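Two complexes, one shared chain (subunit A), two partners (subunit B, subunit C).
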Partner chain A sequence: MDYGIEVRDQEAVVRLRGRLTFNDHAKLRTLIGEMAQNPARRQVLDLSSLEFVDSAGIGMLLIAREEMANANKQFILRAATGQVKRVLTVAQIAKIVPIED
Partner chain B sequence: MSVEPAVRGTPDGLESARVLVVDDNRINRHLLLALLERGGITLVEQAEDGQDALTRMEHFKPDLVLLDLMMPHMDGFEMCRRLRADPRWKALPVLVQSSLNRAEDRARAFAAGATDYVTKPINAVELLARVRIHLRKRALLRDLEQYHSRTEAELALARNMQVRLLPGPDRLAELEAATGVAVDAHFAPSSELGGDFWGIERLPGGRIAVYLVDFSGHGVGAALNTFRLDAICRQVGTTALTPAEFLAAVNRRLCGLLPSGQFATMLTGLIDPVAGVFHYASAGSTAPMLWLPGDAAPRLGDGTGLPLGLLPSASYDSRQMPLPPGARLFLYSDAAIEIPVGTDVLDETGLAAMIARRIDEPDSGRLLAGLLEELRATGPIDDDLTALLLTRRG
Partner chain C sequence: MSFPHAAPTATLPIPDGPTGNGALAGQDGKVTVAADLLSTWLGFADVQRRTLDVVQTELSRTSAHVETATLDLSDRFRELAQKALDQSERVAQIVAMAGSVEIDGERVPLDTLVVGMQDVITDMVTNIVTLSRHAMSMVYLLDDVQKDVGELEKSIGDIDTINRQTNFLALNATIEASRAGEAGRTFAVVAQEVRHLSRSTGELAERMRTKVTAVVKGVRNGHDILRQIANTDMSPQMLAKERVDKTMDSLVEQTAHFQSVLETAATVSSDMSATIAHVITGMQFQDLTKQRIEAINDSLAIMNAGLGELETRIRGELPPGVVSREPREWLNQLLDRFTLSEMRERFVRKLLLEGTALDENGVLDVDVGGSNSSGGDIELF
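Up next is the complex of A and B:
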């Protein structure tokens, strides 16, 4: 997995690319740190280029959600497709994290 | 690098290092002895030639050999070759010290198995520095090997414990005899320990409770969680609760225990043979697959539901599928549908198609084995894989 961050006025958009798995733990930790540091109140994870997520990857998204709550920021998942969308749907992640199309 | 004075001792534990000095010249041996002593190495044995050295190896068990090449009876090249032929001495550092200084002599020594090479006249500082480096490397390697074998033994023990959480062949045979439901099971953690587990129990009235759990991640952390969840499942008990109530109760207990980012998916089912129904509830598990005699493809259930451990107030839907005599039910962990296929994954539809191809196979063991074989041939499975095939006798 790799990512790019684009900080706008009120919103930081983080675009994740590739596969988010068990092996990306350290990278996601770094990303969460960057999201907590930047000034935007809304932190959006754009998942449109993410091809695959496993259960450990979902776990990391949930850690991000908690860290953003601690930093008093909004956390939003956006534009999941394919397998990622199916996994988020089956696990009803929308019940605990806002999901936008 | 400088030579530390001997009075300071060796803080890195070299005082317990054992060095065998092999040289036919007594003066050379004494020189090396004095030199090693200055470096804090006092456990030194001497040998006069290769033959003598090989004999002394047996009881002295050196950590390093300082080896001359030109010696009577057996020279250093031959001794080195014989040493390396013995598996016990394969990794032993052999530091050659020789007056032979041509490139081809060095090459011959390394070909015979030497670790390192210094030429005479000996430079004391250099020799001692090399001795220390090799001894330190050997000590580190030994620590690693010890750590590795201890870890391996502990993981093997833990794996045994984990396998014993699962129903064994005796219990499954007993279940089949009493209820007419046969269970074929496959459990394969992706490393020594896994984050999957499953259970099956006979309930009053001929009913059967079955569950399959998949913790997020895999490895030791996920495995520890399986022990925790097994205890909770026993505490909650399957007897009086519907599958949905059972999941909600397990979830409430698990929520306070799991650190952020960890969760489990779980499917809990109840087979009611009198009504011919499979009642189930799912916490983000894979979709159960079920087929009746005459079906051309499996019917997919609904695995939707919030995984366990995320939200204490989560509630779960009660769902059901028909399970008349002759029907089969297939439960599996998500490793089976996350096998990469091109840029996508196999997914439930791909797995269902695989089942459809062997849906008329009467032998359930053969059906499961064939299915697993096809899954493994599809692509790498890099997560724990559990698969359960339940067959209701017709």
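Up next is the complex of A and C:
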């Protein structure tokens, strides 16, 4: 998995690409740190280019949400497709994290 | 029934009108009838009387046949109605069972069961998500712990360095104290104590290193195990919920379909039973038929009696030479109309054998009362 951050006025859009699995846990921790530090209040995770997420990846997304809440920031998941969308639906993540199309 | 009285001669009173062959018009409303014509009339009268007898017998027989057949049919239809009713009850039982399953002796509606199972799977998925989140938190924590323990190892190394320097310093102090002679004696004692202290510190550092090494080893093992746990992807198990949901929905839908089809079947069976009951009621036409045939038979009996009486009276008025003549041609025509052998036999027996004429066509040779009688059989149709 790799990512790119685009910080605008009010929101930072993080575009994830490839596969988000346990092996990316260090990288994701770094990303969470970057998100906590940038000034935007809305942190949007754009998942449109993410092809796959495993259960550890879901765990990491929830940790990210927690860290954003601690930093008093809004955390949003956007444009999930395919397997990622199915897993998010089945896990009922929408009950915890706002999901946008 | 009465007839006008006839004169002792072969003259008969007839109504006005043209006279037939063999009759001469006379005076006083009387006609002279030829003996030949009277013979023929007597023959006809005889045959007609017996024909009426046979017709009466046949009507009674037919009525009896219809009665037997109708009763038999009614019984069979009643049986059929009962079976249709049983069938509808059986189907109703299936309908009652179809929508539920028995679990631990208790009947649970299928939709409740399905919802329950879906809830269980939802809980399972939620648990997987929670577990994954906790596992990742632990992984991050242990990452940090490992880093801290590394720092600790480094600090113990630092203590060693400081200790070596302390020890070296104490050694130098001891040497300098001995050079100072008596004046340095007290200082030598202090330097000696510092060396003891340094040794103790070295030993403590060594014990700490041993323990810290054990902790590091434990933390690394734990970290490895946790990584293995967190690295076990449970997303396929989570996605299995999709399939289970679809299967359950399909199961409920299919059961509903079965139930609806079976309900229709139960209704049809019950309708059949009602229709058959109507059919049985409809078969009471047989009673009416029987009454009508009895009425016809009564009329025929009266006609027959009248005919017999007239025949007897005419016979009494006839001169001795005049006898009745069998109308053979007419009889043959009559018999030809019967296609049913058993009925024909009864006619022949009655008309020919009881009459004065003998059959010219060999009817007498037939064993009329014999075993080839097939009365009441389906050959009728």
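Here are a few things to note about the model shown:
Please note the rule applied: the second predicted complex is superposed on the first by the 101 of 101 C-alpha atoms of A that agree within 3 Å, B and C clash if a C-alpha of one lies under 4 Å from a C-alpha of the other, contacts with A are read in each partner's own complex, and residues count from 1 in each chain.
We take it that a contact is a pair of C-beta atoms (placed from the backbone, for glycine too) under 8 Å apart; a residue touches a chain by one contact, two chains touch by 3 or more.
Just so it is clear, the structure is predicted and the values come from calculations on it, not from any experiment.
Placing subunit B and subunit C on a common subunit A by superposition gives a clash between them.
Residue contacts after overlaying the shared chain place A:I63 against subunit B and subunit C alike.
With both structures placed on the common chain, the touch criterion links A:V13 to neither subunit B nor subunit C. Judged by the touch definition given at the top, the superposed model places A:A71 against neither subunit B nor subunit C. In the superposed model, A:R29 lies in contact with subunit C only, and not with subunit B. Of the two partner chains, neither subunit B nor subunit C is touched by A:I5. Within the superposed three-chain model, A:D54 lies in touch with subunit B and with subunit C [touch as defined at top]. Within the superposed three-chain model, A:Q92 lies in touch with subunit B and with subunit C [touch as defined at top].
Among the listed stretches 77-85, 167-175 or 293-301 of subunit B, only 293-301 clashes with subunit C once the two complexes are superposed. Put simply, subunit A uses residues 22, 54-56, 58-60, 62-63, 83, 86, 90-92 to touch subunit B in one complex and subunit C in the other. Partner subunit C is touched in their complex by these residues of subunit A: 21-23, 25-26, 29, 53-56, 58-60, 62-63, 83, 86-87, 90-93. Across the complex, subunit B meets subunit A through its residues 214-218, 260-263, 265, 284-285, 303-307, 310-311, 314, 334, 338, 340, 343-345, 347, 383.
Residues of subunit C that touch subunit A in their complex: 122, 125-126, 128-129, 131-137, 139-140, 143, 227, 230-235, 238-239, 241-242. Interface residues of subunit A, counted against subunit B in their complex, comprise 22, 51-52, 54-56, 58-60, 62-63, 66, 82-83, 86, 89-92, 95-96.
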